[in-house]
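What follows is a set of structures for review.
The same chain A turns up in both complexes below, where it pairs with chain B and then with chain C.
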Partner chain A sequence: MIRFPLMKELGAIVGIVVFFILFSVLSDRFLSMDNLASIFTMASELGIVAIGITLLMISGEFDLSVGSVYAVVPMAMAILINKGQPDVIALIISLLLGASLGLLNGIVTLKTGIPSFITTLGTMMFWRGILLAVTGGFPIMLERNSRVLNIFGGSIAGGLRYSGVWFIILAIVFWIILERTRYGNWVFATGGNLGAAKALGIPTDRVKIVNFIISSLLAGLAGITTFGRFKIVDPTLGQGMELEAIASAVIGGTLLSGGFGSVLGTFIGAFMIGMVRSGLVLAGAPAYWYRAFIGVILIVAAIINARIRKKVAG
Partner chain B sequence: MRRVLIFLMVVLAVFGFSKYTFYLVSHGGPADPFWAVVMKGLKDAGEKYGVETVYLGPEKYSLKEFIDLVNSAIARKPDGLIVTITNPVALDEPLRKAIKMGIPVVAINVPDTRPPEEAIPYLVYVGMDEYLAGVYAARRMLQEFTPKRAVIAIHEPGHAGLEARAKGIMDVLSEKNIPVEKLDITTDPTKALSIMKSYLMKHPDTDAIFTLGPLGAHPAIQLVEEEGLKGKVKIGAIDLTTKIIEAIKDGTVLFTIDQQQYLQGYLPVVFLYLYKEYGLIPHEKVLTGPSIVDKSNVDVVEKTVREGYR
Partner chain C sequence: MSEYLVEMRGIKKSFGRVQALKGVDFWVKRNEIVGLLGDNGAGKSTLIKILVGYYRPDEGEIYFEGRKVSFKSPWDSRKLGIETVYQDLALVNLMPIWRNFFLGREVMKGPFGTLDVKRMKKITIEALKDIGIFVRSPDETVAFLSGGERQAIAIARAIHFGAKLLILDEPTAALSVGETQRVLEHILEAKRRGIAVIFITHNIYHVYEVADRFVLLEKGEKIGDLEKSETTPEKIMEIIAASSVGTMSR
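Now for the complex of A and B:
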């Protein structure tokens, strides 16, 4: 396949430019630094989750449990800190927990052969249930200040926050991994044509398991950025996030069936969802229409992306 | 273990010295802190009036299990049944049967919202009125000042209880010609904060934010703190959490609305006792809320929360 620069992301780029111009015209406050920073913050947490999802989707698997992991990991951290553990220990343990939840998804899916859609649907419900049972349905508040949490959810300047920095760094790192390393090639090959990938000697099971771990780990990290800002974890945190993360990836050009996708596209997709939310409020659109609007964008983006893909692939 | 406990309680009720046995069946499990307060009310009243009380509720929300529990409570022919009308249609048949059997039924927490001629003919409802919660929230805000513009942050549009609260607020403010609208903030705190922030940019004259639950109040508090809006934008909340109590103490939140659910466990026992003894019963509904918590009573409320009364 001939690789045009930014071809995969073209749909998302066109979309974001159109909305950017549209909202700038509709509201004079849209272009303010304050607003753009606010949109970027909103996009960051979703985007970090969506990067992991993108990797996993390219390798041909799904993860619906990210929304629950997004809440379980910071909840574990909150409980550990409140119990008197040092911040760094609490951070490491809870991130390890996140990674092991991903490992569990991967092992169950690959060892039993059931679709990851089902495995992670199950773990999504299971971890949410555990969360509700442990907290009794009530939010957990951080009982003391934590400097470690500040580098996840604190503010830098001009309305920008550390979550945004994490988002940019992670997007660059995973873009490089996906586009410039042998592992990246393996990911595309595993999702594109599993049989051929296996025949070539690619350890497809290991690739998938690693991606399950990355997906959970990033979801947990994103949850910690939210926790770092609000210092409180509601047991409903992250509900519905899995679908929005998948939407970001799809708007960014990633295929549901695997083998095709882009971290940069997902980055733009997540930013676009945040931008539309904020833009519609600023344009004074009636509040109950936001969700409907995002639904339309998702479908239009998927259609445009499919067209582009056909042109590229011939 | 729980079955054994319930069995023991039933045995105690039958062979014990208590005159009456009242069952409370709710859709909320005993692990839920909200219902733990109701359970305490039930237990306290039972001890005071010398009646046996049994609390039944599914561990995790499940309509089927809840209905099963209602049926098993009825099968034991208690002297009184206290029940949440979580789903009037599903409860219609078992409760009408219970009433026919001569078991006095008291509704708590959620009433039968159907028109009176269709509703289950229970004796009385003890609980909060969601619409009134909104009305009182708006009135309390008006007592403080007349907002130039108000926004209602709704985290689950379409949720019947939240929509009723929102309508109560809107009806009162619209009467005073104060511009007010609902804002879909989603249940995600980051999105909620950014959406509210965008709204304040669009309408800088907004000086009152109403939140309909903790998922709205927590990000609203964060927004006011991060943007240094304390004093400029006032928050009126509904529901009680530690974070909301703290925010009332430091002035970020003006007030919140509480439904005093302890009374939803306590009062039905009193009413059923009086009904069994003398045939006395209050009429239609007894409202346990909306009760307003603000700076004037927050310390007392905080203390009673710790003691399990709220």
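Now for the complex of A and C:
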């Protein structure tokens, strides 16, 4: 059997190289600093959400509500700041709100035994509805400058933004947690064989609940980076994002059924989606083509990744 | 020191209206191999799951090494040295051998408590070699191993972590003749190291060779408790058959 590092992420790595070359040939502007920076920002905002989703999916659960949380958290922060709360307080309260939305998903799922797909489909609609009701459908603009917000989504230089720094740091931190800590071992075991994990005394319910919280917290944090970029929160922000985040994870090799996956793969998957989005536009394709194209990539990636998985993990 | 490693007295357990155990007494002496026999639904698994803390009994008491215990989860019993190898729940197929070997007992290093991967891989290979199992690489995922190899790894894990009682749930059910033989040898090896074993099966011929005593369950009741010296496989089969004819209208 052939064995080398990055085997799990092989499909995603080959894919991203192919698209990179393809789009570079199709458009001169693709390789411009401006464009690469904007791809990086798009990939970061999506990728931070996708990292949380990856952890949760590996432990055998699902979160469709991340798109709504992605909007709820910055919305709460915007409202708090506009009401005169200090930035840091607003930040902490809104992140705590994000975490508690994840806790709610986890408790409902585990206490009632309904699938997380259903729980989070419900909370996705619920929070989106609340958001639209509270704002009357209108966006909320930040009424003053916020230094704290700049640390999340402000620009650094040359079109690069802090969201990219957060993305890289979070990817490294969660890669270490997943691959190099006892908790990561438990996450894989919980999703890989729930009965065995329980029989060996792994606190599987706690692992899942923590992952629901992480997923929601990261979705909220990603929403704040986007808020930091636009200084405005639209109540429809992040609609459809849950599916792109799941697509990033699947393209990166994470199994929908749990027990297998990689943060590095998701990192690459999110980049691929950002790259395709910008590459297609620059290549002159109408913007509508983007979704269709991502759909095809998703299916092809899932097929290739299934083959690779059979080779490396049986 | 008590002669008994485990003593369960008057264990009762119901699931809804189904009475799975109707007051069972069960014990295991030190360094003894007990064959726990019975048909499907006899209550073997329920009894074991109560012993390890997966379920709580409705009534009855459990003693381990002479002390009364009340396990809240399998983790509690594992800490005291009771290791269970379930048929399908022993290992996680998508995970490498070394991660399975240390699951729940990871070795950590450094100030941040990260996994000591190198050390765990090394110990895994040594512990397996120690009871005569050779694997190509500790990185290999369990999915690539045969049923016998999986049982062997789970048994080696129990031995390595100093189990006092090893519980095997149908360890030979899906194995070829040759692999069954090898698993039986691993069980005897565990006994040689001073470990007591509960061997759950419905096939008397698999367990007869290695067990010292046989406990027969049927419909949640103990219908037999026999030393090997006072019985034969045929006799045991007869007791089980007679009991199920008597209570079933099939």
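Here is the rule we use: the second predicted complex is superposed on the first by the 307 of 314 C-alpha atoms of A that agree within 3 Å, B and C clash if a C-alpha of one lies under 4 Å from a C-alpha of the other, contacts with A are read in each partner's own complex, and residues count from 1 in each chain.
The definition used in the following text is that a residue touches a chain if its C-beta (ideal position, glycine included) is under 8 Å from a C-beta of that chain, and two chains touch if they have at least 3 such contacts.
Predicted model, so just to flag it, every value in this text is computed and none were measured.
**Q** Once the structures are superposed on A, label A:Ser38 by its partner contacts, choosing first (chain B), second (chain C), both or neither.
**A** first
**Q** Is the number of chain A residues in contact higher for chain B or for chain C?
**A** B
**Q** Please indicate which partner A:Ala197 is in contact with in the superposed arrangement: first for chain B, second for chain C, both, or neither.
**A** So A:Ala197 only meets chain C here.
**Q** Which of the two partners, first being chain B and second being chain C, lies in contact with A:Asn185: first, second, both, or neither?
**A** In the superposed model, A:Asn185 contacts chain C only, not chain B.
**Q** So in the complex, the part of chain B that touches chain A is made up of which residues?
**A** 31-34, 36, 60, 157, 181-184, 186-191, 194-195, 197-199, 201-202, 214-215, 218-219, 222, 226, 241-243
**Q** Mind listing the chain C positions that touch chain A in their complex?
**A** 52, 54, 73-76, 78, 84, 86, 88-95, 99, 102-104, 106, 108, 113-115, 117, 137, 139, 141-144
**Q** Provide the residue numbers of chain A that touch chain B in the complex, in ascending order.
**A** 27, 29, 32, 34-35, 38-39, 41-42, 45, 129, 132-133, 136-139, 141, 155, 226, 229-230, 232, 234, 236-241, 274, 277-278, 281-284, 287-288, 290-291
**Q** For a test of understanding, state which residues of chain A touch chain C in their complex under the given definition.
**A** My answer: residues 3, 176, 180-182, 184-186, 188-189, 192-193, 195-203, 259-260, 312-314.
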